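Sharing a structure with you now.
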Amino acid sequence: MKSREKVLIVGGGIAGLTTAIELGRRGVSSFIIEKKETVGGRAGTYACKAVNGHCQKCGACLVQDAIRESMEMGEIEISVKTSLAGLDREGKEIVARLKSGEGETSVRFSALVLCHGFQPFDPAGKPNYGYGRIPNLITGAELELMMKEKGDVFRPSDGKPAKDMAFVQCVGSRNPALGRSYCSQVCCGYALRMARQIRSARPSTSITFFYMDVQTFGRDFERMFWEFRDAIYWIREIPGDFFAAPGDRVGVIVEDEGEIKEMSFDLMTLSVGMGPSREQPVFEEWLGLRQGPEGFLASPDRDGIFVAGSATGPMSIPDTIVNCRAAVTRVMDYLEERS
Amino acid sequence: MPEFKLEKVSSGFASMVVQEPGAEGIRSCYACGTCTAGCPVRRVNAAYNPRKLIRMVLLGMQDEVLQGKEIWLCSSCYTCQERCPQGIRITETIIALRNLAAREGYAPSGVSMQAKLIKDQGRLYALDEFDDKKRKKAGLPSLPSEVAGATKLLDEKE
Amino acid sequence: MNPLRAEKTIAVFGSGETARRLSREFLDRGRAVLLIMSRDQDTGDVPEGAECVVGGELVSATGQVGDFTLVLRVAEKREQHRVGFIVLAYESVREPVYDILGEPAHERVWSLSHLETQLAEGVFPEEYGKVLFLDRLDGVNSVAASERLLKAVVTAQEEHEIACCLVTCQVKVASPGLEMLYGRMRDGGCFVARTDLLDLEVNPGGIRARFDDVVLDDELSVSGALLVVAERERAAPELAKIAEVLGLETDHAGYLQGDNLLRVPCLTNRRGVLVAGGSGADLSDWQRAQNIPSVVEEVNSLSQWLDEVTPVEQIIYDRDRCATCLTCFRVCPHGAILFTDKPNFLHLACQRCGICTSLCPNEAIELAGFEKPSFFERLFPGQSGEKQEWPAAVTGFVCQRSADLVRQYLDEGDPVIGAVRWIEVPCAGALRSQYVLETLARRAEAGGVLVVSCHRDNCRSGDGTIRAAHMVQQVKGLLNTLEMDEGWVEHIPLAPNERERLHREVEQFQARRKKA
Amino acid sequence: MKYALFLGCTIPARSRNYELSARAVAHRLGVEFVDIFDFSCCGFPLKSSDMKQAGLLAARNLALAESEGLAICTLCSACTSMLAEEAHHLEQDRGLLDGVNAELNKVGLAYKGHAKVKHFARVLLEDVGVDRIRAEVKVDLKGLPVATHYGCHYLKPSEIYEGVEDPEDPSSLEELVNAAGARSVEYQHKKDCCGGAVLVADEETALGMAKRKLDHVKEAGARAMNVVCPFCSVMYDDNQKSIESQFETDYQIPVLYLPQILGLAMGFDRKELGLNMNVVKTKSLTKEIIGEK
């Protein structure tokens, strides 16, 4: 039954695409608006984490599958470089003012699913990290991009491979003082997978991991954990002071095995966590949405307004897919009730 | 090797410390180590470790904490308090522990001597005539050697 | 083909909370449900309106999505049921982590489940009010197990004023709300020690735990009245038998969802056979809350697809060449071949991977759209048969998941990728060594063959990648025996988002070929 | 711009050079200081033994300034944080305010809760402004490399200073030093503490902390240090000699108070800025800048 319903999906990342595909499989057409030039969102920029031809279950490639599937589906219309100028409800319909190159148009939809995703934590929010000031101190997202484009890890300062590198975990996560009382769930995942990939590409690279608790991630974490447990030097402390050490190295002072040590690394990655997207306050205002306990949006699931994916909280790519498919069940229930 | 009864752990001494203003939040410490990593005293003296101090309080190690010299090594520079992800007021907690220790007479001599001076003359350093002469010579206004109002206030409080 | 009379009933296996809630969700949406519960489970409240079979054991299942025939043995009697979908919703099984203690039986040592029931029924003995919680010390505790443990400690503290200490290796908080729960636990006075080595003394008076406390940098000993041991999740015992009967992949821990990333969220390697709750993985509360609706969603979408699809021949079968050797039946990753006296190809179940066509010894079967003549046609356009010198092109076989990458490069006119003649195959596992050898036979000096597949555990058709890798090894072996350079052919496992790596690998292959 | 000048205990007795240069520079820049002779110790050294009494002393000083209708301008960072912290607590906690007033009434004082406390450097930055200071510069410091030591209580705890400056990324003192024509030098561990408060308990640790910074300051090629707290001056200036002998190092880095640096640029002479009282000789440095005067 090809229904004449039409759902507005805000955000063309993995969440928006999955929601559109699932609605399409149920015969409901959807209109995705994406503010950037291409779809795929942040997850689309992540590198494949396979090691010697073995998938490490990170889910980054699922974005490409979703893009391909959405292109093949007639029910899905995608409009890039398009953003929202306004949203409100009229009777049973959602009225959206869309803004794109050609100007502003007002369009009616039967339902709205917000999939605007998350905002990675900007380490400038913690100046004692010295991000932006100290060379060769990058974020997890930047390391992902480097691995994707170059397939190897180099020091941004001089382009040389990093002999020794370190990861600092819980940057902007598990931090009630910053109003972020949650674990971003994905950082141990991406950091340890990349560490494993780097070690397999260049076994001589020594990798240190500053952490509090290693979080379980994805399927067969146990096997992965055993394999890289001995390949990594673990220090159960989050450093306080970062400084530029000689040779464009990143220095930290930490206590390790009861001793205070000044360590420095060719390259250091801040595993930044996930935070509410910058668009969230706007949607809260337009639609009177309220936040969940962790500061992300709670999906109202009524009056045709739904929120899905990492806009509702930190989650991995596979969990985002599961969350969106579950959300579509609620959207379909609403549409069927409504008609 | 310290030996604890579970019912003693984080009750007893910990509950007493949590009553002190500034020390309310110590239980939420999850030992991330940022305080110790950033502590300027820790870099010079291995005996001082704020993370360990808080843990000893939670474990109820009252004597080791109050009679130990560690709590007096803190330079109250607030670095740990500024950075604590759990928002624990660590510097104020150390000061609270010092108050508890001082009440039981464990404060180092220097600290109690300073307190006595202030209570007796309202100033840490007395300003005798020689000081006053130097101030006049430098064209600075002379100041009373004692501040009666302050010493009276503190006597009332005693 | 007459329009398909798809069966609407949904068979739900399992008797725990997941199976019941799932049945109710289907019934609320007007679907017929056949609930198959194992014997020893208390049937409790069977969702009203569901046909229920107690103590049914699945003996065989034939057919495909929309038309499965299940044979159940119920108390030595066999029952046959026709259903449209099969959902396996067994709860995972909890197993206390007694490794540290050796023998578990001791009245001062409880499993977490035992504590939960004692607290729930309010029969917790007062003098046990000082509990030491012991988590796994190998650091691989799951989020779900950690969630249950944190909840138990908070309940013990807040509702029963029990003094608690938790000894664990890694505290797992990677699920919504867990970090706050862990905070509440500490604020409630729970002392948390993190160690991977522990010495335990269990005596009538209580228990004593000794361990190195990293923060104190000293040995620490804590004694309490009771030791509660965390639990690890195990796949339900029934799953192994069911997996065998239904021909399902299982993952390293025995769950029914396989390690393949493409089985998100509730899929198995067979279309229409779904996994829910603890049968798929050890789910946290949050994941469980998403899981049930996503199973409902998958059944609804498949039902809609069945209503609208007109089945079409996927496999072209030549009865005369077939030696009924069952190879196709054995290798089909999707349970899409039913063997009676000959292979019957279930076209709704077939996911067009083509692996059966490549392994059929007599080439009796071909995949519609990839028949040999047209396949050869695309391989050697206008060349039907005679040998001819071939331009110095490298030939690249690429599976459909990564074909898009190639098309993008070709549209951009990329010289490196453009210098290769690409052939899209449904799955790299569908490539016969014969095609590769045929291409090599017509080689020119700088020619060569690339086989691009997915990564292992990332192929929609299960072991397509492994078969492709074997085939390439086989060809290399042949080249070796012919004292020819093995470098003629190379296998590249690649994910559909490794655009830059494809370019690097092809460039390196071409460089090697030029040197050789 | 009229402030009650709060000198505390160390400055009048041990750091008259800080007081002299501050009064001279303030006067030149139009900031009027009023001396309240009844001011007592701010209470900071009392915190370790009895927070309540320390707070009471601070409240008394706040009440005195409030009764004169004047905001307080402090020179010592420790006094600044003690007074500001007490004012902050009293503002937030009604019960605490009533308790304090109960004690103050016994000595005929009362505190309504509106006192304002500002460190002299803040007054220069916010009330006077960098442009006015630059206008007063008469002597070219020829980009003298100066390593600024912020110390701790000038910035922290940041909540009592309503986030006026981020303690992890401070720049205010360096702005003032640059305005005077000197060149602020970047050096490692700029935010480290001088160790002053540890002196009373463990001298070796305190000197060890000061030594670390002196090493980094020397490494960065600074020819003078800039401090805004007599505690820090005690560690870097008074104790520089003993650090050199105990750790076998050599610094000879003059340690100047901020108003001394500004004063030099404004043309004041050594005596007016009390540069003769600095422990580490400043003669050769000032000779280079203002000749023999």
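Each chain gets a letter, A, B, C and D, in the order it is written, and its residues are counted from 1.
Assume contacts are C-beta pairs under 8 Å (C-beta built on N, C-alpha and C of every residue); 3 or more make two chains touch, one makes a residue touch a chain.
All values reported here derive from a predicted model rather than from experimental measurement.
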{"item": "Chain pair with the higher count of C-beta pairs in contact (A-C, B-C)", "value": "A-C"}
{"item": "Central subunit by CA centre of mass proxy", "value": "A"}
{"item": "Chain whose mean Cα position lies farthest from subunit B", "value": "C"}
{"item": "For subunit B paired with subunit C, centre-to-centre distance based on mean C-alpha positions, whole Å", "value": "58"}
{"item": "CA centroid of subunit A to CA centroid of subunit C, Å", "value": "23"}
{"item": "Intercentroid distance (Cα basis), subunit D paired with subunit C, Å", "value": "66"}
{"item": "Approximate Å spacing (C-alpha centroids) for the pair subunit A, subunit B", "value": "44"}
{"item": "For subunit D, residues that touch 2 or more chains besides their own", "value": "168, 191"}
{"item": "Subunit A, residues touching no fewer than two other chains", "value": "128, 174, 176, 236, 241, 258"}
{"item": "Residues of subunit B whose C-beta touches two or more other chains", "value": "28, 30-31, 43, 79, 86"}
{"item": "Arrangement of touching chains [line / ring / star / complete / other]", "value": "other"}
{"item": "Touch relationships between chains, expressed as pairs", "value": "A-B, A-C, A-D, B-C, B-D"}
{"item": "Interface residues, subunit C side, partner subunit B - complex", "value": "129-132, 163-165, 171, 182-183, 186-192, 194, 210, 213, 215-225"}
{"item": "Touching residues on subunit A, where the partner in the complex is subunit D", "value": "126-128, 241, 243-244"}
{"item": "Residues on subunit C engaged by subunit A in the complex (per definition of touch)", "value": "139-143, 146, 170-180, 183, 194, 214, 217, 251-253, 259, 261-262, 264-265, 281, 287, 289-294, 296-298, 300-301, 304-305, 401, 404, 454-458, 465, 469, 493, 495-498, 500-501, 504"}
{"item": "Contacting residues of subunit D [partner subunit B, same complex]", "value": "7, 9-10, 12-14, 16, 19-20, 23, 35, 37-41, 43, 45-53, 56-57, 60, 103-104, 106-107, 109, 152-153, 156-158, 167-168, 191-198, 200-202, 204-206, 208-209, 212, 274"}
{"item": "Parts of subunit A lying in touch with subunit B, wherever the complex brings them together", "value": "128, 170, 174-178, 212, 236-241, 252-255, 258-260"}
